[in-house]
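A, B and C label the chains in the order they appear, each numbered from 1.
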Amino acid sequence: MSSIEAVTVPKWGMTMTEGKITQWMVGEGGHVTRGQEILEIETTKVTNVVEAAATGTLRRIVLGEGTTAPVGALAGVIADAAATSEEIDAFIASYADRLGAGEEGEGGASAPRTIAVDGGVINVLEAGPESDETAVLLHGFGGDLSTWLFNQSALAENMRVVAVDLPGHGASSPIAGEDVFPKIVAAVDAAVEAVAPGRIHLVAHSFGGAVAAAIAAKRSSRVGSLTLIAPIGLSKQMSRDFLVDFVAVERRRPLLGVLERLFADPSKITSDMVEGTLRFKRLEGVPEALSAIADTIADDNGQLQSIAGQLRELTCPVTLLWGERDEIVPLPQAADLPENVRLRVIPAVGHMPQMEASSAVNEAVLENIQGTG
Amino acid sequence: MSALQFSREELVNVYRTMRTIRRFEERVMEEMGTGDIPGNTHLYAGQEASAVGVCLQLRDDDYISSTHRGHGHSIAKGVDIDSMMAELFGRASGTCGGKGGSQHIADLRKGMLGANGIVAAGAPITCGAALSAKLLGTGQVAVAFAGDGAMNEGVMSESFNLAKIWMLPIIFVIEDNGFGEATANAHVSAGSFTRRAESYDIPTIEVDGTDVFSVYAAAGEAVERARAGGGPTMLHVHVPRYYGHYSGDPDTYRTPEEKAAMRRERDCLGNFRKRVKDVSLVETAELDAVDEEVEAAIDRAVSAARAAPFPPMSALTTDVYVKYL
Amino acid sequence: MAQKSFRQALNEALHFEMGRDPRVIMMGEDLTGGAGANGVKDAWGGPFGVTRGLLDAFGPERIRDTPISEAAFIGAAAGAALTGLRPIAEIMFVDFAGVCLDQIMNQAAKFRYMFGGRAKTPLVVRATYGAGSRSGSQHTQALYPIFTHIPGLKVVIPSTPYDAKGLLLQAIRDDDPVIFLEHKMLYDTVGEVPDGAYTIPFGEARVARDGKDVLIVAIGRMVQVAEEAARKLAAEGISACIIDPRTTSPLDEDTLLEFTETIGRVVIVDEANPRCGVAADISALLADKCFDALKAPIKLVTAPHSPVPYAPNLEDAYIPSADAVVKAATSIIKR
């Protein structure tokens, strides 16, 4: 059986719609290995390279240098020697049909938009086909919706998935002053009401877990499932230092040191991730907003939120995913967990399993949503 | 302007300040001979009435900028002589912690924006101080002292222009001692200084800088204009320079006769004594007492400076920036 | 996030900070253009359109079109900074620093030190720099080595629209004199720039690209050249890391040393002339502090020791090219 792989125009960032082929780094007939940079594409903001998704021969260049094509267009074909020219022609033809038919399977066009709520806006990024049920993704403290970089598209193959920037994070307005936590819950709840009026599946990480639990308690009849990844609120244990240090650091190296605590394998952290986090933290008002949130999460004696009571009342499936080597919110004692909650420990990862073990997380989330867990 | 419009106490103060400058400079010259004051210095002796007459018209928060020959302006603006002497000796207790030296004495608390080692450089800086005063609405004025040599620097003319088009509350005081370093002004300056300023429509007053009362009167007119929003004025003040260009200058380019005549005939302190005596305002004995008082104060300043420590080695690299990263 | 040009990013920073702090004023030649004339006000919006709209927002007292008289207005800016304002003075082309260097080098830079730490000079001198505009030898130099050499000055050279805004806001809020250099060929480059205010600390290099085989250090417009070179190197299977120091004074020595320690091969790209340039300076630092980590000689890709020429073919050859960087990088990898 021959293997034929497409090289397509990728979608970089949230707003890219088309790209210009500026350079093929490999000629037709050249050998490529998986991960090798083979194609340079220019967009309105960046020029970047596309890596080969498979090892083989670049059998066909479909889009020549200088052409501009929409995201998802077939730029070239990699195949092994077993593939005949006829097979490749057929593949190219089928691809043209697929492109013409639109991009339903790919999650659709996705530009973030803001939802007006009391006291500001909530930024959301929607993906996936229209569906009766919507998965809502809530990131953790100091993150933003790009936490779900490796999850949202995968989950969006079957249903509509909305990733939310929490207040004071990403492009959502900050909330400060008194009663920060209930205000955050109210703002996110209002945004979810606006963007996902039907049945919802909440998927939340860390601090977002407490927000999700509060929303689930309030909207229990409409919540189809709850998947919490290393949520706060299930034990007193917490690295308060992480919160304090994260807010305090202003420069690349110290921030890298703080982010490394999130991962079992710190080499996964790219300079882009550090710079992206710095860009968010540098915005005026953000350190203050983060500080206020940190104070609702933990003090020197440990965690301040408790979600066990809320989880216990839920009738929908509740799954906890936890990195075995989480040093930020350590794995709680089984005895501390409500009986209706299912815990899945993911080996060899830290506080960010959705990034470090995205396939396992995606699978577990889908199982929980579909009730097949 | 006569001595009559001053109170007795004010007259004594004017004299004390001029005398302090004179003795400060004479003593610095002596101390240079001991080798204990590093480097060289430019002495203001002979020009005292200019600094004192102008600064007498200024508020504490008004600004002045000075030149390489800056001790007199500093003292007249109220900078403490103990800290100045310590600065000349390069000590930690100096006005600038020993890091500036004679040519860079500055005391912003007194509105003294700095002596300056670069001829005419104070002029545009003082325009900036005047701009601050104007935009912040503080009512302050700024005085740029400069010598005749500065008049041939381009930035002096640029500053006249800027001060006039922006109508800045500034007074340019050109202290013309006849020499730019060792070269006679007549040898290097074309035309007339006042006409240069007048060509920018800047009003000018030419003054005898050995008569503190004349300087005071001219400065009064200029300061009043500046404070009222009338823009810049230029004073051309004729002064003698008792010493050479700098403390190590044997000053052989002037004849002994001219130097002796200069000290005899163009002495602001002698003038002052004569003027107040003529109108019987202050007893000679009282001025003699001031002389002794000044002498003691300078003695104390020198002793304290000699006793003070040099700056710590750590000072070598501090205060380059407010914030290093 | 919003896409904005380098020019627009700078304009936003100026608008924001002038609105926030009434002590901030600007002075320079043709900041608006048309002052005193009968036609359109703010006709130029600055020689490169960076200061457009500021006159309308803040008025002629705070946006001051000066005579062509750099020594006077740079000196006045220094004096105003010493006495309570926070001036931003613009030198249209950094080459013109020749007529006002005293005020920068002997005055503003030294006030604090000479005055025993009792002075602050919150002055920003903005100036364009750089070759590529067919403007001959006196409007095109990359003179940052001169300013970097002088203690007391901070020297900022942004390479992206995002950095331009954050570094300019930092420069205006900084209490020390800052020379802020804008490459004129970068004004039209576009990138993501947040609408809100943010500052980027000085002495904080940016890792513009991760890579493991060779470290390319580049400043200002040369970051683009380095990025092009890195893409070409990638095609040859060579993975290049790019570091943009962002400020040459203070210099983020720690980051340069850290990445040199890890990678061991270094190419420095600098649009300035080579003698006593920033490339030479950084290479001396690396040779001094991490010689043992170096696996090959440090390669410098700089302009030649010549003025910037006028003829297009010569000017193009003057500016360090991506191909020259690729050649330098491959020469130390394949040895």
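Simple rule for what comes next: a residue touches a chain if its C-beta (ideal position, glycine included) is under 8 Å from a C-beta of that chain, and two chains touch if they have at least 3 such contacts.
Please read all numbers here as calculations on a predicted model, not as lab measurements.
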Highest-count interface - the chain pair sharing the most C-beta contacts: B-C
Middle chain, criterion being Cα centroid separation: C
Whole-Å gap separating chain B and chain C, where each centre is the average of the chain's CA atoms: 40
Chain centre separation (chain A, chain B; CA means) in Å: 70
Euclidean distance of C-alpha centroids - chain A vs chain C, Å: 36
Shared interface positions of chain C, touching two or more other chains: 201, 204
Chain A contact footprint on chain C (complex, rising order): 1, 3, 162, 166, 190-192, 194, 196-201, 204-210, 227, 231, 234-235, 237, 254-255, 258
Residues of chain C touching chain B in the complex: 23, 25, 61-62, 64, 66-67, 69, 71-85, 87, 102-103, 106-107, 110-120, 151-152, 154, 174-176, 201-204, 250
Complex contact set, residues of chain B against chain C: 63, 65, 94-100, 104, 106-109, 113-114, 116-118, 121, 123-129, 131-133, 135-136, 154-155, 158-159, 161-162, 165-166, 318-325
Chain C contact footprint on chain A (complex, rising order): 23, 25-26, 36-37, 40, 44-45, 47, 49, 171, 250-253, 270-272, 274-275, 279, 282-285
